[in-house]
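Letters A, B and C mark the chains as written, and numbering starts fresh at 1 in each.
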Amino acid sequence: MTKIGLEIHCQLTKLESKLFCSCKADYRGFEPNTNICPVCVGLPGSLPRLNKKAIEKATVIAMALNCQTPQKIAFFRKNYFYPDLPKNFQITQLNIYGPTSIGQEGKISVEGKEIQIRRIQLEEDPGRLIYEGSSERTQITLVDYNRAGTPLVEIVTEPDFENPKQVRLFLNILSDLLENLGVSDPSLEGAMRADANVSIEGGSKVEIKNINSFYDLEKALHFELTRQQSLAERKIEIIQETRHWDDKRKITISARSKEEEEDYRYFLEGDIPWVKIDSKTVERLKEGMPESISSKKIRYENYGIPTQVADILSSEKYFSDFFQKYLDYSNLVINKKLGVPNNFNEIEEFDKKYHSFAKEGANIITTDLMGLLDNKEKRNASKLTAEHLSDLVNAILENKITRHSSKTVLQTMVKTGKPISEIISEFALEQVSDDAILSTMIDEVIKEESKAVEEAKLNPEAINYLVGKVMKKTKGQADPTLTLNLLKKKIS
Amino acid sequence: MLVSKEEIEHVAKLMRIDLDDHTVHIDRVQKMIEYFDILDKAGTESEELIINEQPLENLREDKYEPYGDKLIDKLKHYKEKFVRAPKMV
Amino acid sequence: MNLGISALDYIEAIKNGEFTVEEFVSETFDQIKKVDGKLHAYLSLNDKALDQAKELDKKRKAKEKIGSCMGMPIAIKDNICVKGAKTTCASKMLEKYTAPFDATVIARLRKQDALFIGKTNLDEFAMGTTTEFSVYGPSKNPWNQEYVPGGSSGGSAVAVSALESVVSLGSDTGGSVRNPASFCSIVGLKPTYGLVSRYGLISYANSIEQIGPMARTVKDTAFLLNVISGIDPNDNTTIDNHGEDYLKNIDSGIDGKKIGIISEMVGKGTDNTVSSATKKALAKFEDLGAKCEEIPIDMVDYSVASYYTITSTEAGSNLARYDNLRYGFDFDLEGYEFNSYISKARRSFGPEVTRRLIIGGFVPSAGHAGKYFLKALKVKSRLTKEINAAFKKVDFLVAPTVPILPFKFGEKLDDPVAMFLIDFNTVTANLTGKPAISVPFEISNGLPIGIQIIADSMQEKSLFQAAYALESTTNLPKVPL
């Protein structure tokens, strides 16, 4: 049986400062070695100053992954020499003195398959090595310490995955979850990295390191499984080893055996006393946790939003946050309109209205807005507010404009941020619901489409074709219900 | 317990210290480690460790404060931008 | 001018305009010129000291607000960072290293207008008890230059003893403040772990070491602690002492206090002269109204082994950063591969550091941690419990600071275990985090003997009261310069 386990490294990019100093946590966009201080380059005499929020946010991740969180959190030193490691040890966590890392024994379900989380630990990211020079002979190694000390959460799973697809689904869930918690932006380059261990029936466990994106992780797993299977078919023993993922050639390569002699001499980091997490803190953190994606989805479905729409909307943090703002504002609008409900009937009426707003809003967001704002630049540039969307939905629900024209309105709102009234008059989008105007239009259509009229008399379904023609004549502004009724009357 | 010369040489290598002609250290390190055998007699196997603790509130608030000086200038630097390391092969 | 003046009297004199900071500092530099060629207390001097002295004098004349340490000359052990000053740890490894920031203790002293005279000699990275392991050569004991001054803060002790500074700072990992204080007949305190910020102290064994004040009087030592102690956001291990004033009521005496004599520290291995001096000290305590009793602390016999196991382990990790890539000394990396380069660079560690780093790689390693490192931690914990229990019965624990008299250069160098045992009476305070002070008590055949008093955690105030009481019973000769 195939067994895959993961070690996922996730930077807490949403923190302001590094794990042990006040330099910027998100080092992106800095000139090399300009986001450094005596602490993160490990100058003699410097000491780590632990970031409180890093502990809190990492704990929240542990909670969201259904982990046990300890009462006391301990840090250890992992000793090894590498030029990206300014102190030549990394401050990290493990559980040699009992469960003292940020979280343990969690689980997360992937399409019915339960994946056990062994441990979650908080640690410092090393710096970055840069190789300059064209050939191997002229190549020199340079170090940029801007990243050194960025808070990193490592999530270690049991080898519970049976295939790369489960891994992919798990990682999708995980990155949505981390984004939803507001702790990390998984889309940033290098914000999420992974090591994997892979074994097939009868073979030893092989570690794969160096995988810098989830996209490559899946590729690496496929490559490694194929490699192992082909060895097995040829009856060649699969040895226990560490292999590196070669980013360029897209293969795994056996790492030199040097790592085997590595002995990390783990011991307690004396500069950081154990951090006590009392039950009050745990409660506070729990209360402050954002609604989980799955409970968001259930809530959306309760509004009557179709499952598929609810699924997409709940897992996209930017849009679900926007949707929530929209709902909150619409709530006020409905209250204004209906008054505060104070009996059963009024509550029912209120809910009905609220659900219509929810359904229509979700519909517009998922079918139109997600396409309009499909990257960060567009989102930043967008002038659309929750109030805008609420006004738009209100206009649709009150038959002031058609769904068809709503697309133009939305686009214009995103681009200009103009209020709906202005856009409607500017583009003359007011829905045509005047009997007299519609009547003349319908007469014209009946005259032009005599064949279709005959057909519609026999087959009531065919009348939709005529409605379409009327819509076309009015550039989509005809009130569809009214048009249908008038047409029916005139034909029969 | 006398620790073998080879083992000490091995550890020196792991600690990234060339011993070469420093073999005079080995005898002395052996004596020092041998003295630690006295710990076996302390009878503290079941002892629980006492470890310093601090409340969460003691920790640093998450605030970005750029370091004022251009620190790279004060390190050994390469083109005022990088720290240079030897080849990694 | 009396260079032997106490810090408190000095500050008063400066405030009263009896003499200027410039006059005193200039004379101090004359003294350094005169004696330091032989004694070698300093590794480097503050070449701006006279200018700074003039600035302070101006400030006083202009009646500006002046700090509590107004113009007080202080020498700093060269493992404590002073911004812009070379900080070498007496090692070739940091030969070219200039600290870009002030240690917290330095910043506090600076704010109070203290005047830094220079950086003092030590055993390389504070590993040693004689300063013989300084790569720049040893300091000499001013009482007899053929004898070691003690260590590792030997330079700081010599500077104060030989009137090359009024006070100084050392660091104490296993006795490194108290031992040279005892050997040079000055006062030295190892504070409660966490009372003084270690930010800017270059770590040797960070879980047990502290910066400690050194001075010629108990009062000056208490005064220095007032300035440097207290919680520091830059050091997570510091404790809030709520601005305690250690000078206040320092003369309260010790009438009615109970004193325990740690049996293991006065038994076998203690020099006869030291033994009899200790007995005399106990008699003095009783004269002052204290009650003395012997208390056995079983774990003391294992303390030195525990201490060296733990300190080597931490040193192995703390000194790993010295790979000569970011700072250090000149050594071209062209043609080297990473591991061969740093292994060659790290050969620049001196012999004792090299040995302890190897031990530090061995005792916590996967195959050996159970036999060595973990056992050492357990001894440390049991020792702490025993000492805590003792403090339920007595107010102070007393022993000679060092079980032997100062010795001649080279005398102990060849026997590592003999060197271990010099620390026998001092490491307990470090392993348990308790404050301990060495008070000069006797000069025997021209060699100083100090008495160590240990108190419970954060009881520095009463510790100073006991030390002051003992000091008051002595009348020691002046250092023969």
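Just so we're on the same page, a contact is a pair of C-beta atoms (placed from the backbone, for glycine too) under 8 Å apart; a residue touches a chain by one contact, two chains touch by 3 or more.
Source: prediction; values computed, not measured.
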item	value
Top chain pair, ranked by number of contacting C-beta pairs	B-C
Central chain of the complex, centres being mean CA coordinates	B
Chain centre separation (chain A, chain B; CA means) in Å	40
Gap in Å, rounded to a whole number, between the CA centres of chain C and chain A	55
Length of the line joining the C-alpha centres of chain B and chain C, rounded to whole Å	22
Residues of chain B whose C-beta touches two or more other chains	14, 16, 49, 52, 54, 59-60, 71, 75, 83-89
Numbers and ranges of chain A residues touching at least 2 other chains	38, 41, 49-50, 81, 83, 141, 143, 263, 268, 273
Multi-chain contact sites of chain C, meaning residues that touch two or more partners	100, 233, 236-237, 316, 320, 323, 325-327, 338-339, 342, 361, 365
Residue ranges of chain B in contact with chain C within the complex	3, 7-8, 11-18, 20, 22, 25, 28-29, 31-33, 35-36, 38-42, 44-45, 47-50, 52, 54, 58-60, 69, 71, 74-76, 83-89
Chain C to chain B touching residues, read off their complex	98, 100, 194, 233, 236-237, 299, 301-302, 305-306, 308-309, 316, 320, 323, 325-328, 333, 336-344, 346-347, 349, 351, 354-355, 357-363, 365, 371-372, 375-382, 384-385, 416-417, 420
Of all residues in chain B, those that touch chain A in their complex	14, 16, 49, 51-57, 59-67, 70-72, 75, 77-78, 81-89
Chain A to chain C touching residues, read off their complex	38, 41-50, 77, 79, 81-83, 86-89, 141, 143, 263, 265-268, 270-273
Residue ranges of chain A touching chain B (in the complex, touch as defined)	15-17, 22-25, 31-38, 41, 49-56, 72, 74, 81, 83, 97, 129-130, 136, 139-145, 261, 263, 268, 273-278, 281
